[in-house]
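Each of the next two complexes has subunit A plus one other chain: subunit B in the first, subunit C in the second.
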Partner chain A sequence: MEEPRIGVYVCWCGTNISKMVDVEAVTKEVSTLPYVVLSKNYKYMCSDPGQDLIIKDIKLHNLNRVVVAACSPRIHELTFRNACEKAGINPYLFEMANIREQDSWVHTDRNEATKKAIDLVIAAIRRVRFHEPLQKRSVNVDPATLIIGGGISGMTAALEIANAGKQVYLVERADHLGGQVARFDLTFPHLSSARQMLLPMIRKVENHPMIRVYLKTELQEVKGYIGNFRARLQFMGTDQPEITFGNIIAAVGLKPFDPSVIEEYSYGKFPDVITSLEFEDKLRAGRILTKYGKEPRNLAIIHCVGSRNKKYHEYCSRVCCMVALKFVHEIRAALPDANIFEIYADMRAYGKGHEEFYAMTTHKQIIFLMYDQQKRLPVIREAHRDDDCNMLIEMSELLSGIDIEVPVDMVILMVNMEAHDNVRDVVRTIGVSLCGNQFFIEKHPKLDPVATTTGGVYIVGTCQGPKDIPDSVSQAKAAAARILGTIAQGSVPVEVTTAMVNESLCCGCQTCISVCPYTAVSFDEIKKVSVVNEVLCKGCGTCGGCCPAGAITCKHFTDRQILSEIEGIMSMSY
Partner chain B sequence: MSQETIKPKLKLAVYWGAACGGCCVSVLDTHEKLLDIVAAADPVFWPIAMDVKYKDVENMPDKSIDLTLFNGAVRNSENKHMAELLRQKSKILVAYGSCAYMGGIPGLANFFSKDEIFKRAYEETESTVNAEHVIPLPLVTVKEGSLEIPVMFNDVFPLNQIVDVDYYIPGCPPQSERLIEVFTAVVTGTGLPPAGSVVGANDKTNCDECKRKKSDNKKVKRFYRPWEIQDDKETCFIEQGVICMGPATRGGCGVRCVDGNSPCRGCYGPPSGASDPGAKMMAAIGTMIDANNPGEIDEIIETIVDPAGLFYRFSLPGSILGRKVL
Partner chain C sequence: MSVRVHPELRNQLIQFGIGDWNACYHCGTCTAQCPLSEEGFLFPRKKIRLMQMGLKDELEASVEPWLCYYCGDCSTSCPRDANPGELMMSLRRYLTSIYDWTGLSKKFYTSELWELGFIIVFATLVVLSFLIVLPAMGYHFTKQLTAEGGVQVNAFAPIHVVETFDWTMAAIVASLLVSNILRMYYKIIWKYGNMKVSLWVHIREFWLLIFNFAVQPKFNKCDDKRYWLSHWFLMSGYTIMFIVIVVYLPWFQTEKILPVYDPQRLLGYYATFGLLFGLFIAIIGRFKKKDVKFQFSHVTDWLFLVMLTLTAISGILIHIFRIHGMPLATYISYIAHMAILVPMILIEVPFSKWSHLAYRPFAVYFQQLKKHAVPR
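Our next item is the complex of A and B:
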């Protein structure tokens, strides 16, 4: 290794850092450390003059390592790496010490904060000495896209991509397109027909020259990596020719919760206790009738069935409150004299036009009854022979504090949306992660909500979490835009800081294989060593951390680099 | 007379620090090859086999011993003095065996302080009656004269924390065959790697040679001690829930323990890429715990008996951890 020549730059960040850290003292303290050729400070290192300072010094003083002590590397690591590159040194020969978010902003004692800044800078200096140059890499992108799920999200994404002239393979397990929306009668809050919205869309998808629809088809296996996937499909149990594509959209949706596990509601026991989806079927058929063909005189709609309850699902399904209100409108139109009871736990009307929709519904002569989801669920039981209703709902009405009985002929259970039973298979096939509620995890909950940590794999619609149609459609269009972006580029950069197996040390214990969240590690049966696919690898470091033989090195996070950093941070004794 | 016998014989020393004697025996365990060793080398200092006094060593010229095999850890002032003396007198100083290499079994004392050890040993053990709280002192003067014994240190050190070491031969004890290989290399002066290397051991860890069936299906619902399971004699121990240090331990022993249906205990120490075998093995074992909720994970971890002693059995003083913080 060439002799390290390190330049250290301490940023004031205006007064953001300099107010709480004695920048001059830090600069001076680290200037005499081994291999430090120069140490300077400047008001704004990220500014053009700040970057120019680094670039000039690299050329003038022949620096081959750079440390900048400033803000979080999340903000400006790339800025300074680019500056290094401009000056002709490899961008990975740079290290950043965070003396703002992790120091000046969180401390109130200037003396202590200065000491901490010195420790952090020394750690970076010790580390950067062992940095190695790394080369950027990219892969070409196959312009076709695989979309899993033919619901409204999957179809929207398919049309968006196909309309841009790119091939789409749309795989649907059922024998028709449309997903859950195909079961809806009207939509909220505008009470427009779901069918009128959906049918033209299905026609467009089916007839689009750039969309190939696979119905009754299951995904068997996906191999490859961003830009270069291939898949095996199975149509009704028979294998289909392999398809290749560059990106994947998972739009597998959710399914309705089965309420038969909730004893209080006797679903499955009483024929006129039905789920919201079963009620949609009645609405689409145009007749609201009980099992025995009578028009119900009393209808109750119970909210939060399987939702917001630790016994079933802790989360809120987001759409059921509005669907329940939509039912009121549809029932009132069909049965003007019926008694309608909205038995709710909380009324959630967060979306555009939703609160107004709620206000409008309250004028429909219905009775709102509140129950305490945490304390006691309402109980449905059979009515007496001489009661003039089929069933009674016993409940503690929360607002009045009174225990009441509600007469009903039909009960609609607003069931939660939950993951499909086979979600884990899908997850394993395409390499995404699940949260505790079995929803697919997005790359960043705020700033990257449709991407996943696996390159080239996107998630849209309710499989990412319960949501309504407009949100699903927005996500589908967002993912389509992301994919069209990579297709337009033709290639995508792949992770540089990947893991590497030293074959002369790997003993073949295979500890690393199952820990990889990206299925990037496999076992070479001939050489009897583990192999990392560098395109799949995201550099998370899990395999390197767990390799008992020390055979796996994570580039840019080698043991040597990390231990030197720790030694640096521990080296000052005040 | 052949050429070899005219060539001056090498001078060989074998010494023990904090050791059990097993390493010295492993030299004798070369059986008839010992005759080849003494044909090529004269033992000049080897307390287990011959009577040589400290002063005899002190009187030897510097660098006059060609090869010293120092076994045992450095635990007291006598060990340290001898380590320094032998370094001064030897051309090649080898840390021989797990204790000299990384601290070994005596190194587990670094999980305690000297005071705690003295209290346990001289006051608390079930067989001790010591109402006057007598503990060993380095210097005791009685009317007949004064008695001096070495000072016990608070820490156990591997040899390289006291003096520069040329080579390391790991093992508890090292396999005699491997000693012969190294010895032959010294005698012929060929095939020795750069100073500071581990010799008489492999680059890869034990799994490489282990004949048991291994897969990536390492999921453990509870850990067992070897006697708690019916070993099927063919599946990887870890996959049966028995912690085997094999993946984190240099090969070289010939996987004898596993061949004898006992999990590897880790005496050959870590491979070159892993500076802290205990931490490496704990990280690996951590990934195998087949549970997602913290309570269940804790329950599974509870089934690992004496984790510190298990994972650092031979390596505590030489690892990054070093010792328990006092």
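Our next item is the complex of A and C:
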């Protein structure tokens, strides 16, 4: 190994660092350390002149290691790595000391903060000494895409990708496309027909030359990694020829909650207690009739059935409030004289046009009754013999504090949206993870809500969490754009800082295989050693940490690098 | 015990007033700024909720609508323009129809045909009694015109006949009103709530009734004192007139024209002034619609104002014509006066707006009883 020649740069970050840390003292203190060729400070290291300073010094002083003491590496590590690369040294021969978030911003004693900054810089200097050059790698991307689920999200993504001229395989378990939306009559808040929106779309998908639709088909197995997946499909129990593709979109959706587990509502016991989707069926059929073929005079709509209740599901299904208000309009149109009760826990009208829709609905002669989801659910009972209604809903009305009984002939339960029963199989097949509510977990809840931690696997629509049609469609289009981007590039960069197995040290215990969250480690039965797939590996280091033989090294996080970093931070004793 | 929801109540109530009470989202601003709402008797928000929910029985047991004197601040401050003040007004109309056991009140409030028909029928009856019944009894006012002595009201409308009629009508109206008050008592105190009020409390708090009848102290708590004053003039003027006509008719309806400073004339002038002043404020207010309380006028509000004004004007005319010795004009005014007054009293006091003369003070009394009630 060549003699390390380290350049150290301390950033002021305007006054962010310099106010609390004596940058001059830090610069001076570390300048005499072994292998440090020069140490400088500058107002803004991330600025163009700051980066130029590094580039010039590397060339002028023949530096081969660089340490920048500035902000968090999450913000500017890439900036300085690129600067190193420009100057002709490997970007991984760089280390960053965070003296802003971890020091100047969180301390109030200038002396102590300066001492801590020195510690952090020394640790970085000790570490960078053992950095090794690493090479960037990338894999080619198969231009075809597999989409799981033929609902509105899946179809939107399929059309978006296929219209760009790329092959799409659309796999749907049911015998028709359309998903949950196919069951809706009208949509909120514009009261436009779901059918009129959906049918042309289905026709386009079915007739598109670049989309291959697999109905009544289940996904058996997916193998491979980003850019190079292959899958086995099964059509009604018979195996299909294997297909290959570069990216996956999971659009498996959600299913309605089964309210028969809620005793209070007697669903299944009283024939005129129905779910919101069963009521959609009635609306699409064009007749609102009770079991006995009569027009109901009193209709109650109970909100949050299975939602926002620790006993069932704690989350909010987001769309039911607006669907319930939509029902009001449809009932009013069909039965102008009916009494309509909205029995709700909270009215949520967060979306575009939703509050206006709610305000408009309040003028439709509706009786809004509020119940406390946490205290007591409304109870549906059979009416007394002399009552002029079929059922009575007993409830504590929250806004008045009065226990009331509501006469009803038909009760519509606004059921929650929950995960499909087989969602765990899907998750295992495509290698993504689920949150506590059985929704697919996105890579970043805010900045990357369509990707997953598995490269090349995207999630769209309600399987990521309950949402309405516009949200599902935007997510589908976002995922399609991401996929088309990687297809256009032809290749994708993969993680460099991966794990490595030293075959001569590996004892074949396979502990690493059991802990790897990315299924990147496999076992070579011939050599009897573990093998890391460097495309699947994310460099999390879990395997390296648990390997009893010390056979696994994680690139850029070797024992030597970490230990000398620790030595560095402990070296100064004040 | 669960209270039954009556979904049709809202549609019934809307006939008694105007407002989009469903717009209310229960922020409570109205209750917070109401100077009359107090712990245990909170309004208007709570009443809006009962109305929205269709809790008919609870509403009928409410004393609060009568404790509101409609300053209109609640409607002004309402962020949803739900018009809570008008709801309280409508509730008073509704409750009047509920206390009334004959069902006529509801008819008068919800059907203009019924109200106008009633007025016309009774006005005609009055005219007919003067033209046919009294002459048949030997009192020909046409004879009096030719006789010497100018205006002789007593010969035309003999005191003992008019007095008997006055007492009869007062008895009918009072018995209707009293029976309605009993129903009000039953609904508010007797039937509802698990409470018991001792007889001693009933007696001890009775002074409140008299005090509130005479002064309306709660009205004075409303922010605008002018309305309290104009209402007090109207109320006192009317009360004086009523007492004088029913109890002291022989003293009031004299043939001899007394001097201006005589108490008989002074009282009459005061009563007339009180009536006209109160009416003027109310009519101008309803035309200008500047204050919230005057923005919406139910048909019955206008009919009441018009009839009371006509009563006052015809009364004034009788006086003028009598002083100037114009017999025919006096007699015609007298008939007109009676023809307006009789149906007005019959409709307004037991069945309509004027019943508040009893319901309001009784409500304050009942409120006090409720405060001193012990749980049963």
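To be clear about the criterion, the second predicted complex is superposed on the first by the 574 of 574 C-alpha atoms of A that agree within 3 Å, B and C clash if a C-alpha of one lies under 4 Å from a C-alpha of the other, contacts with A are read in each partner's own complex, and residues count from 1 in each chain.
The working rule: contacts are C-beta pairs under 8 Å (C-beta built on N, C-alpha and C of every residue); 3 or more make two chains touch, one makes a residue touch a chain.
Predicted, not measured: the structure shown is a model, and the values here were computed from it.
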First, second, both or neither for A:Ala87, with subunit B first and subunit C second: neither
Which of subunit B and subunit C A:Ile147 touches, first, second, both or neither: neither
Partner chain(s) touched by A:Ile243 [first = subunit B, second = subunit C, both, neither]: neither
Partner chain(s) touched by A:Asn298 [first = subunit B, second = subunit C, both, neither]: second
Which superposed partner A:Leu399 touches (first subunit B, second subunit C, both, neither): second
First (subunit B), second (subunit C), both or neither touched by A:Gly545: first
Subunit A residues touched - subunit C or subunit B, whichever exceeds: B
Contact residues of subunit A, present in both the subunit B and the subunit C interface: none
Parts of subunit A lying in touch with subunit C, wherever the complex brings them together: 298, 339, 341, 362-363, 365-369, 394, 397, 399-400, 402-407
Residue numbers on subunit B that touch subunit A, as the complex places them: 203-208, 214-219, 236, 238, 246-248, 251, 270-275, 277, 280-281, 283-284, 286-288, 320
Residue ranges of subunit A touching subunit B (in the complex, touch as defined): 502, 504-511, 513-515, 523, 528, 542, 545-551, 553, 559, 563
Residues of subunit C defined as touching subunit A within the complex: 1-5, 7-8, 10-11, 20, 22-23, 26, 46, 49-50, 52-55, 58
